[in-house]
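Here's the structure, in structure tokens; my notes come after.
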Amino acid sequence: MTDMRAAEPVKAPGAQLAGAGISGRRILAAKAEGRAALVGYLPVGYPDVDTSLDAMRALCRPGDGPGVDMVEIGLPYSDPILDGPVIQRAGTTALKRGVRTRDVLRAVEAVAEAGATPLCMTYWNLVDRYGVDAFARDFAQAGGAGLITPDLTPDEAEEWMVASEEHGLDRIFLVSPSSTEERIIATARACRGWVYATAVMGVTGARQRTSSQAPQLVARLRELAPDTLVGVGLGVSNGAQAAEVGSFADAVIVGSALIKPMLAAEDAGTPADLSGLRAVVADLAAGVRSA
Amino acid sequence: MTDMRAAEPVKAPGAQLAGAGISGRRILAAKAEGRAALVGYLPVGYPDVDTSLDAMRALCRPGDGPGVDMVEIGLPYSDPILDGPVIQRAGTTALKRGVRTRDVLRAVEAVAEAGATPLCMTYWNLVDRYGVDAFARDFAQAGGAGLITPDLTPDEAEEWMVASEEHGLDRIFLVSPSSTEERIIATARACRGWVYATAVMGVTGARQRTSSQAPQLVARLRELAPDTLVGVGLGVSNGAQAAEVGSFADAVIVGSALIKPMLAAEDAGTPADLSGLRAVVADLAAGVRSA
Amino acid sequence: MNEPTTLPDKGGHYGIFGGQYVPEALNAALTQLDREFDLAMADPAFVAELNRLRVEYSGRPTPITELPRLSALAGNARIVVKREDLNHTGSHKINNVLGQALLSKRMGKSRVIAETGAGQHGVATATAAALLGLECRVYMGKVDTDRQALNVARMQLLGAEVIAVESGSATLKDSMNEAMRDWVASVDDTHYLIGTVAGPHPFPRMVKEFQRVISTEARAQLLERYGELPYAVAACVGGGSNAMGMFADFIDDPEVKLYGFEAEGDGIPTGRHAASITGGSIGVLHGMRTYVLQDEDGQTVESHSISAGLDYPGVGPEHAWLAASGRGTYEPVTDAEAMEAFKLITQTEGIMPAIESAHGIAGAIRLGRRLAEEQPDLSPLICVCLSGRGDKDVASALKWFDLDGTPDETVGGF
Amino acid sequence: MNEPTTLPDKGGHYGIFGGQYVPEALNAALTQLDREFDLAMADPAFVAELNRLRVEYSGRPTPITELPRLSALAGNARIVVKREDLNHTGSHKINNVLGQALLSKRMGKSRVIAETGAGQHGVATATAAALLGLECRVYMGKVDTDRQALNVARMQLLGAEVIAVESGSATLKDSMNEAMRDWVASVDDTHYLIGTVAGPHPFPRMVKEFQRVISTEARAQLLERYGELPYAVAACVGGGSNAMGMFADFIDDPEVKLYGFEAEGDGIPTGRHAASITGGSIGVLHGMRTYVLQDEDGQTVESHSISAGLDYPGVGPEHAWLAASGRGTYEPVTDAEAMEAFKLITQTEGIMPAIESAHGIAGAIRLGRRLAEEQPDLSPLICVCLSGRGDKDVASALKWFDLDGTPDETVGGF
């Protein structure tokens, strides 16, 4: 395991830790357009695997206008301790309907084909169980860019550091308002791609207002790890909030707000109806471009 | 209180303890006829006070033939620890229907009028509450002969010794198969009238067979307290048993067997029908005369 | 005041109270019991075995616990509780039961019978019977077997036979009657294991001695921790065994006040209560002369209390004597006061008492408040016997506080 | 075998097990906890206060009780139980809860949250919170709040807020998830009071230390009474806290065998069990790497056990390490075996154990019988942790034994 207590992060074997990686370059491309990148989270398998792939495609191309830059493909997990009720419901339903870990690979392909950068957000046991190296290999092969690991910090990431290097995958770890300076520095160095700043102390879920802690946390990151790209997530629910977050973050991450219209569609008996989703994406995409 | 631990009973003030008393003389009268006396127990107030008095009259004169020599008028009590289910049911019912302690006085008069000797069998608290002296006075005045006290032994009978002497009442205490020699002697001396020998270890109730302990207990009494008259109770249910008990005891006491036909009458919807009671009494009266 | 320590006399009398009002058929057994009890208590082997079970089986000594957060609500009083709730089976009842069950064995009796109200004493008796390999039968009023089915099953799991008693009011007093009836017929091989300091001599004396350990321990613990004797010791009084155990070693300390708290149910004026001393009159019940709830004629009147263990229309004769002589002070505590105290001690100290014990707590709080007015300079140390734990009473408390076990909130539902 | 006493490393690892698989948002709190725990344990005032509460409040030391009548059914074994059932609130859970609640106060956190299955740990936490004046919220699976409404009410009576968790399988593991979610958002003023030696570092280490008192006492008591160390110590294993407490001071006695008994439910072949070590595989759950019941993909599989307290699909990481290293032996015990043992100890010794603890008893009986065959000359002393009392389980036992609380007989009915 990596020792996070020292301010100096331990170097993973043969790694260039602070690299922008695949997903970082995507963010830089957005930056080049003068805007933040938009990252959309959707769980694979909800409402079913095929429709979830459609939904991810819709995320990338909601209509005529632009969609997200990156898709954070969620792997449903039985014990998602960082997920709020909306994502939990979608994930639990997907599991009940039989989604498997390997379905993420199809999602990666779909997203890649649709022109966005495929990331996977997964609780660690699913990767552990698959085999860290095997998962990294298959994921990379399918065209995936990297993993967001909500319950894996660099402290426990030795195997993942090795495998991600081996297979050229990005490592997006989380930082939080309660992270110490030392940990912010070390986490930023352990990341490749960008750093996921959890904007509020709390689980996922669309909120009325974005957190006042987010700008501070990003500021701390910029000070402590100047060259790091920062995505801000947890709580963004509409275009205006996306614009606001985009004004200080390099990437805006949206999850629950995207799933809500899908749950609503299911409740209305039309689970394949992605129009609500498209509308939210369009709003968000406009948002990051409005600043 | 009287000390029963010593073999020599303490003398109650001014008492001639071993006297035959009123009820003893009645037994001696039966003995003069060459038979045991018959003692019948009925609770006052069952099925109601008036009918219970009729029942007692029927006990004394069941029809053309003879009835009991003495009536043991039961005073229903809320906590009758020596009563079996039959007497409990009658007593509980009587209490529910409002029988009062003072009703025993009417019963005494009825029995006396009918020519039998009226005794009262009562748990001590009822007498205690009435006032021991007051109860003795009123009871004697009504024509009562004495009290049978199932939960009062001579140990606790100081007040009762005084009051019974004062009002000329008999004291019938119980002895049991487990009584020691000392206690048999002392109890016999404390009694006036006769001694109540509880034939089995157990509560009241008609039994298929009379106890084999009864003859033994009577034999012990006769040996230890030669001049004492002995009534045997608990378990006698028919004429044959009465004859058997009458062959060794001076008085045969019957309770549950008399109440059973009354309960049956109530269950049949004819609570005032005393024919069943009369039949049992006739059988028992014949029994004590058949030896 | 008479010399308390010379009581009872050899006939079991405490002044005019106590004695032996029982069928002659039981005299031999009671005499044997009286004798064997004295022999046993004089036999170091018996005492050692009893002590071993107390320590190794029941978990004695039980601690005393000071209750600072509760005391803050009781004037200047410092309330300390003697933790009988920590005993095996959850109350002081086990102290008596272990003693009598050992004594049964010593007397060569292979069977014990017991009466029980809510089931505490029945469970304790079934427990001791299982431990010592005795046959066990428990009499319980039909009303109580119906409302305490779990306790019926608990006794059955312990291997005891449970008999529902339908006679009379089908409650505790009737189960005592029925146990007496059994005993009259079975006295040769059976011991009647009475659960409190009531009944005919020698039960009140014997049960007191088996419960004395409460005050022997508490007295030493209080002296050690506080360097002083308490202002008062207090306990709830049903039959009176936990109170007698709490009082025993303090009776001869005249400066220590003895407070017994009876169950006042809905209030004495309503007639629906179980306060035999405060609201009853002298009579004979269950073999003893004592204060009894009775009507004009001496028929026992049904008692009423939210607490099954206090729901008894009589009281141990020594309490009657202590009350009559003025050595002890007995006050009634209503259902409402007891339940308020139940909540207070639960929420301020994390100790959920038996509702019985909550009567003692309520009384102590009231006493503390009263003293704060009457003698504001005093900061009295009051030691209350916490006779049992409240697990058995959760359903009653729920009902009282109008709870139904519904969670406060639900999350994660979709 | 590695040096057991040097574990865990400072990242909380026991060999490959343990660690800290949690959202970064919790890192600061866990780091603080790790540090404050060490400071507290090095602070004589903290240790003294904890010890005072253990003695004066919870009733420690708990005794050890030899069970001769039960042992007669277990080959040549002498079975001795460590009586954690005699603790305040009825199980070993209070040992941990008092420690963590005091630590919360020390850390200036005014609120505690906890997960609970059947409610034991929730009640214990609510108890300590009431005692120390902390705000308390307990998460409990909806399935469990429904079937344990009494325990919900009990926590509410203690002043705690109870939140039903409907997510996932709506049982214990989901209540842990929900507590984690709460903690992520409330970590500034809130301590998450985990109830067993599971979860992310430092919980397994800390809870072990708070439970160590079990074996510290037992070791001294056994040596004093028997003059020898036991052949084995044994305990049931859910999360593993009572077992770890029972093992702790014996781990460095290589001659003392350590036996952990897991819940086998309907039997491992049926898939309906909770035996994570015997029937699970290595994975990550609730912040730790350990043995987990999981499917091919790593999704947690629901566990099954008649015992709510063992009904958990993971196990503390140190147990995983003890099992993997061979220092400890872990065997499964089915529902049926546990219930048979429940009945045996109840009826032969008058001790009604928690069904959890009955698994430990069943395992000890089996071990005793096996040793009698394998090593007939041995008369092994086996000390089992009787982790809790069975009062909470009477309803389950009833159902199992097909009892319904009907008395055996009725008398006095007319």
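To keep things simple, chains are lettered A, B, C and D as they appear, and every chain counts its residues starting from 1.
Here is the rule we go by: a residue touches a chain if its C-beta (ideal position, glycine included) is under 8 Å from a C-beta of that chain, and two chains touch if they have at least 3 such contacts.
Because the structure is predicted, anything quoted here is derived from the model rather than measured.
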{"item": "Neighbouring chains common to chain C and chain D, by label", "value": "A, B"}
{"item": "Smallest count of steps, each to a touching chain, taking chain A to chain B", "value": "2"}
{"item": "Remotest chain, chain C as reference, centres from CA atoms", "value": "A"}
{"item": "Length of the line joining the C-alpha centres of chain B and chain D, rounded to whole Å", "value": "65"}
{"item": "Averaged-CA centre spacing for the pair chain D and chain A, given as whole angstrom", "value": "37"}
{"item": "In chain A, residues with contacts to at least two other chains", "value": "85, 88, 92"}
{"item": "Touching two or more other chains - residue numbers and ranges from chain C", "value": "167-168, 174, 411-412, 414"}
{"item": "Overall pattern in which the protein chains touch one another (line/ring/star/complete/other)", "value": "other"}
{"item": "Touching pairs among all chains present in the structure", "value": "A-C, A-D, B-C, B-D, C-D"}
{"item": "Contact footprint of chain D on chain C as seen in their complex", "value": "55-57, 59, 62-66, 69, 83, 85-88, 90, 126-131, 133, 139-140, 142, 145, 149-154, 156-159, 161-168, 170, 174, 178, 343, 346-352, 391-392, 394-395, 397-398, 401, 403-414"}
{"item": "In the complex with chain B, residue positions of chain D that touch it", "value": "411-412, 414"}
{"item": "Partner chain D, residues of chain B touching it in the complex", "value": "85, 88-89, 92-93"}
{"item": "Chain B residues touching chain C - in the complex, by the definition given at the top", "value": "1, 3-5, 77-85, 88, 92, 95, 100-101, 123-130, 150-153, 155-156, 173-180, 183, 187, 198, 200-203"}
{"item": "Partner chain A, residues of chain D touching it in the complex", "value": "10-11, 13, 19-25, 27-29, 31, 167-168, 173-174, 177, 180-181, 184-188, 283-287, 289, 292, 294, 296-300"}
